[in-house]
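Below you'll find a set of structures to go through.
Below are two complexes that have chain A in common, paired first with chain B and then with chain C.
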Partner chain A sequence: MRIAICARQVLDPEVPPSQFKVDEAARRVVPPPGAAPVVNGFDLNAVEAGLRIRDAAGGQGVEVNVFSAGSGFVMDVMKKPLSMGADRLVLVDDPALASADATATARVLAGAVKLDGTYDLILCGRQASDWDQALVPIGVAEFLGLPCVTLARLITVKDGKARIERTLPGLVQTVEVPLPVVITVSNELGEPRYPTLRGIMAAGRKQPVMVKLADLGIDAADLVPKMTLTRLSVPEKRRTVEIIQGQDDADSGRLLARRLREEKLI
Partner chain B sequence: MPGVLIAGELAGGRPAGVTAQLITAAGRAFPGHAVSVAFCGDSLVDVGPFLKTLPLSRVWLLQHPALADGGSGGYEAPAEAFAALAEHATPDVMLFARTDFGANVGPRLGFRLGASIAQDCTSVTAGVQGGTPTVTRPVYGGSALAEFEMGGTGLKVIIIRPGAYSPAALEGGSPEVVSFDVTAVVRESRVKLISTVKEAQAGVRLEDAKIVISGGRGLGGPEPFKQLAELAGLLGGAVGASRAACDAGWIDHSHQVGLTGKTVSPRLYVAVGISGASQHMAGCSGSGTIVVVNRDREANIFKEARFGVVGDWQKVLPAFAATVRDLGKAAG
Partner chain C sequence: MDFSLTETQELLRKSARAFLAERATPSHVRHAATSERGYNNEFWRDVAGLGWTGLIIPERYGGAGMTFADMAVLLEEWGAALAPGPFVETAVIGAAAITSCANEEQKREYLPRMAEGSLIVAPALLGEAGDWSLSSAGMAASVTQGGWALRGARHFVNYADSAGLFIMSGTLPGVNGPAGAFLAPRPVMELASFTRMATAGGVPTFKIEMAGASLPADARLETQMDGLPVLDRMIQMGAVARSLQMAGAARRVLELTVQYVSGRKQFGRPVGSFQAVQHKCADMAVLLQGARHTAYRAAWAISEGRPAVREAAIAKLSMNEALSQICSTAHQCFGAIGFTWEHDLHLFTRRAVAWRAEYGDTPYHRGALANALGL
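Coming up: the complex of A and B.
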């Protein structure tokens, strides 16, 4: 069985909001100095999902390969899935992909996956922590002609079928689908495993497979976004907080309760 | 028929609240345009007389056994049915709500038809000339707002965040009700729905609670959530949690509040040991009053709070709970 994981390099979402800056004129987010990007968190959940399926098969006969389409990749960052245990990393690196929209990104990812051979499962994070669109996986499925099941918290593969538990507000839905299928993974699946020292060493020795747009028969000129970003801003937070300060922490707790009662909030 | 086509959803045999919200959005963003709605389902023949009074120009009915429950699960059938209708009716704009249905069907159909797709929008305007729609959507976990102009001449698929618009009244019109035959386009779904299980929930539902007590990474482990639960019980509220606390396994994910968890808007939201990452605030910033207990005065969440205590929750919370009890006795 072959599993493809789609992963995206993003600005670290753990950057403290006080350091989150937008260049309004250039309409882009300015990363804090020295901040390294990360692999999108939900994509690491997808890597974990793929590795668990391989573990469940006894580690044999399951290939887990990671695909990314973007620009300005930081190799140490993008190799994280390899250090967790993924087999290969395939990168489509082109300046045109820096500002690509979901349609372009999905087309490129679908093309790269197809070029790499037959896959049974294509796993993606539920959404990327930069643009929060949750569109690319559905596009990959559409361009590959596959069904797409979103928001998985558990995936089991048996007899050519995947059984998926979907996590929805207030309920859990179980579906079954024949392979191949595109599945998006949510954080409820469980935390991505830590890279082992052996994994890090192995990842260090691996070279990513570099794919060009031309290899996919895609012209950079066709990747122009359909929508124009006309404004990017940080919403203002106007509230001023009233700090309740007692003689010690316990006293602050008592004063807080009384204050909330005054306000008829409790 | 150009204009605006709303992908409707039914709940209990009536148009869902989100569909009423889309009617408001369509009216505000595209005044003077023909607005129609389409509903899909297993059998809509007897769905109800309300269809005939919806304040719209046309109601489309798409019926097929594979469209039962809106095609829930893989949503292949509704994507096929709505795509066929879009090709037939040639709307300029299609509106979906970002429900499970809309978040799956809207993009699928959009990619299939080569449309511009705007996901999770909190506002739509038609632009100065009343032509190209402009949408606003929160990005970077809610840290920033992005405005996009949906240029071009093709179909625009706009998926709107539930709650962004108030619901319209569902009467006062006399639309044509038209059945659109989808038997030729809807295939058997590859994704089969096996079961749907509601989350077991003790006490007040988190989404309905008037008071929510939430804990985060600062609590340090699963044990403190018992104290939070006691306090919530005392106040008739529910317990929430940050994603970090859920991912660490300290509390079940059904308590997760945030962009990818539950969205809550209680009267009072008490955040204990939560730093206030944007993705968490996205789930609770609609709360009436936010109260923070945190050691770190620099924590982001103080910026969105009305009351705050800078201190150790282990000392603050028991005293807070004891005082709540005393106040309760005094009042009782």
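Coming up: the complex of A and C.
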């Protein structure tokens, strides 16, 4: 079995809010000085899902490869999935991908996966923490002509089928789908494993497979975003204070509870 | 000499930082400091599971066979989190001493268990009143028919109650030179008395008294390690390991301080916008950078198998000074909140006090440096 994981390098979402800045004129997020990028957290959940499937198969006969499309990759960041135990890292690195939208990114990822051979499972994080659109996995499925199942919290593979538990608000849905399939993985799957020293040393020795857009038969000019970003701003925080004053403490409590219920906070 | 981290070291640093941020939280550190053992078994098992306890142990004994320079990266992160556990004692000093100076049978017996985290090592090197001078009396080794007997006391032994193996220093009969280092497994220590000592750092620390414990003839380690008397090298490694931990702790204190003064408002603006506060933070950063480099320089020298006498002394002297000043300045920047029990700053300040004294306090390393310079 071959499993492809789509992973994205993003700005660390754990950056303190005081350091998060937006250049409204340039319509871009200004990375805080010294802030290192990370692999998108949901994508690490997808890596974990792939590795669990391999573990369940006794570590034999399952290949887990990671694909990423972007620009300016930081290698010790992108090698994290390798240090967790993934077999290979395939990077499509092109300046044109720095401003690519979800459609273009999906097209490039699908092309890279297809170029690398036949895959049974394509796992993606449920969304990326930079723009949170959750579009790329659906696009990859579309470009590959595969079904897509979203929000997986458990994946088991048997007899050419994937059984997927989907996490929904207040509900768990279990679906079955024939392979190959694209699945987006949610954080409910569980924490990604920490790399062991052996994993880190193995990752240090592995070199990523570098792919050019030309290898995929894609012209950079075709990746110009269809969507235009017209404005980027940090929403204004409005804080209002309302003093609930009752006749006595008990009355104040009752009024406060009523007010909170009105706001659907309790 | 290239101080930039390799790709593998960067991966290790990021991985260690993420793991420790998640697992060695301030509440975990507080809980460990008040617990009997001083660390959490599950945490230690997970640390061992990641391979950290076997980092510098050769692969043929179950370790990862990495270098002291690689270990430096981990120690800095371990220090930044104030992670509790006998890591320096077991995975650094114990691992290095046994790898270099024990016989093959001892290596096969101890190193795999140390790598898997099931054997804790406690170096017991210090005489009464914190005297790091190796020639100091306090533990005498005498030759017996079957091997050696140890009689005397060792002080400030960290994690002695958890240890399954002790490395004891003891003066040798009729020898006016360096003391010897002896491997004493737990069963040998059954008749020793352990008295818990009150210390500042939140680590269980003991005085061990031995009334003639018997050790086999091969209990004494080789006399030399990397061209230095074995005990000198062990203390030196401890000093550099502590320096790296102190660099991590200092970095974390600076981060906490900058975060606080950026958010805390007074007179309608963040206190960090006042030049006086900025100068304090800048001074902290300058102190940290200078001292941190000395620690990495010493780690590199040890990694290369060099004697590193000057480097280790300079590193510990620099970090002793820097961390004390950084903690002191941080308390000024935090104001009243930094002096409360609920705030985490005191965890760093108290650990700094303990670390300053461990593996050579400032007078000891001044003396070592002066000797190395031929003064």
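Basically, the second predicted complex is superposed on the first by the 239 of 266 C-alpha atoms of A that agree within 3 Å, B and C clash if a C-alpha of one lies under 4 Å from a C-alpha of the other, contacts with A are read in each partner's own complex, and residues count from 1 in each chain.
Rule of thumb we're sticking to: contacts are C-beta pairs under 8 Å (C-beta built on N, C-alpha and C of every residue); 3 or more make two chains touch, one makes a residue touch a chain.
Keep in mind that what you see is a predicted model, and the values were worked out from it rather than measured.
Looking at the shared chain after the overlay, A:N187 reaches chain B, while chain C stays out of its contact range. Residue contacts after overlaying the shared chain place A:L144 against neither chain B nor chain C. Applying the stated contact rule after C-alpha superposition, one finds that A:K80 touches chain C and leaves chain B untouched. Look at A:V211: by the touch rule set out above, it reaches neither chain B nor chain C. In the superposed model, A:T103 lies in contact with chain B only, and not with chain C. In the superposition on chain A, A:S18 makes contact with both chain B and chain C. A simple residue count on chain A separates chain B from chain C, and the partner touching more is B.
Looking at the shared chain after the overlay, A:R198 reaches chain C, while chain B stays out of its contact range. By the touch criterion stated above, A:A7 is placed in contact with neither chain B nor chain C. Residue overlap on chain A between its contacts with chain B in one complex and with chain C in the other: 16, 18. On the side of chain C, the complex with chain A involves touching residues 6-8, 10-12, 14-15, 18-19, 49-52, 54-55, 64, 66, 259, 262-263.
Put simply, chain A touches chain B in their complex at residues 11, 13-14, 16-18, 20, 22, 29, 42, 102-103, 106, 126-127, 129-135, 138-139, 141-143, 147-151, 153, 163, 166-178, 181, 186-188, 191, 226-235, 237, 239, 241-245, 248-254, 256-261, 263, 265-266. Within the complex formed with chain A, the residues of chain B that make contact are 72-74, 76, 100, 103-104, 107-108, 111-112, 114-120, 134, 137-141, 143-152, 154, 189-199, 201, 205, 207, 211, 235, 243, 246-248, 253-254, 259-260, 262, 267-268, 275-279, 288-289, 291-293, 297-298, 300, 302-312, 315-324, 327.
In the complex of the two chains, the chain A residues touching chain C come out as 16, 18, 36, 75-77, 79-80, 83, 194-198, 200-201, 203-204.
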